[in-house]
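Here's the structure we're looking at; comments come further down.
First chain written, first letter: the chains are A, B, C and D, and each begins at residue 1.
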Amino acid sequence: MIQSADFSVEEEIAKMKAISSRMGGIVTFLGTARDFSKGHDVVKLTFEHYSKMAEQAMLKIRESALEQFSIIDVMMIHRIGEIGIGENIVLIVVGAEHRQDAFTACAWCIDELKKTVPIWKREETPDGQIWVEERP
Amino acid sequence: MIQSADFSVEEEIAKMKAISSRMGGIVTFLGTARDFSKGHDVVKLTFEHYSKMAEQAMLKIRESALEQFSIIDVMMIHRIGEIGIGENIVLIVVGAEHRQDAFTACAWCIDELKKTVPIWKREETPDGQIWVEERP
Amino acid sequence: MPHQITIRFFAHLKDLAGMESVSLPFEQDCPLKQLIAQLEETIPALKSRGGIQMAVNHAFVNDEAIIHPGDEIAFLPPFSGG
Amino acid sequence: MPHQITIRFFAHLKDLAGMESVSLPFEQDCPLKQLIAQLEETIPALKSRGGIQMAVNHAFVNDEAIIHPGDEIAFLPPFSGG
């Protein structure tokens, strides 16, 4: 899901837990806005996306993760628009019977999101705005 | 920390975020009580611990993780006493500048906790109580 | 939609192109690379693009893809979400 | 504390021993293995222990460790936290 509103990690985990009582491990990745990046200060972030394509790419990651890992479910949210330092950017929640599968799938999903979802970050720095293009 | 009370994932993540504005990734492992284990139903869990030794072992894991991984901080909570199906058992929150370090450290901490912290799980099943001894 | 195509720019390409999107009259199928060549004449800054991926109707394509009237073409710089 | 030691049992060993802990009179230093041998005579079920680790004063030790009056000795079955 792509949205400008913030999300609650607790609520998203609660939704994940509600899916199955077989769930033994939930691994979560939360990406937040840092005040420093590659040697310069950052004051604020703005995320832009190619709406339809980004939604499709997120769905594809979910389907592919469910196919290739022994997990029960995976949920992804990415925020767009203006995001202040310390605020939430992205959340990935993976529920599995066993923790190793959840760790592997969660790390894979965030890597894949960065590679395949058309979302772009603009950093506002004391010296102006920078569109970030490297994959961290 | 070892406690019988439940914890709030959101609050623990908020505490982690407050530690540093350099934090870019927070990886969380939440272990919850499953209703099924190694072929039998589980109705309830009870955790027992060797208090002083368990606290020491948890501190040692934290120190060791801070030493060997590029992370900003790590926080661990394990509950003891009675725990119903679907309830939280253990939480590990790792904050880092970069996500790979957070994933690696979080997975290491939960492995290490299972290996080195004197905590024991008793499963209540429809056929009686079982002290679990294998390392999952 | 028929007889025209829409071209969309994102991130720094939007700044380079000076616009977010443009609709152009378009009558006859042609390879994407031909369309790009034409655009580069109008917007020379596009020539400096590196690592750009192209999408047609929300699917990644290469330069050889054939563009039809009604298509939505997008210039996508390297992503930086997450 | 002097002139006695405390022995603690956990998890299924607590059930086997029929007690959580016991304090025994103890005057003279001796190796842990000697103490364990004595305990096994009193509580035969302890003989069947597998994968048990021993701790003295909250630190892991092996059978050769020397026990002193005042020590706390713990029988620790394989852990199952997390």
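Here is the rule we use: contacts are C-beta pairs under 8 Å (C-beta built on N, C-alpha and C of every residue); 3 or more make two chains touch, one makes a residue touch a chain.
Owing to the predicted nature of the structure, the values given are computational and were not obtained by experimental measurement.
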Count of contact steps on the shortest path from chain A to chain B: 1
Distance between chain centroids, defined by C-alpha means - chain B, chain D (Å): 27
Centre-to-centre distance between chain D and chain A (centres being mean Cα positions), rounded to whole Å: 50
Of all residues in chain A, the ones touching two or more other chains: 31, 110, 136
Residue numbers of chain C (touch at least two other chains): none
Chains touching one another, given as label pairs in label order: A-B, A-C, B-D
Footprint of chain B on chain A - complex, ascending: 8-10, 13, 17, 21-32, 34-36, 85-86, 97-100, 102-103, 106-107, 110, 136
In the complex, chain D residues that touch chain B: 8, 10-12, 15, 51, 55, 58, 74, 76-82
In the complex with chain C, residue positions of chain A that touch it: 31, 47-50, 52-54, 56, 78, 89-90, 110, 113-122, 131-136
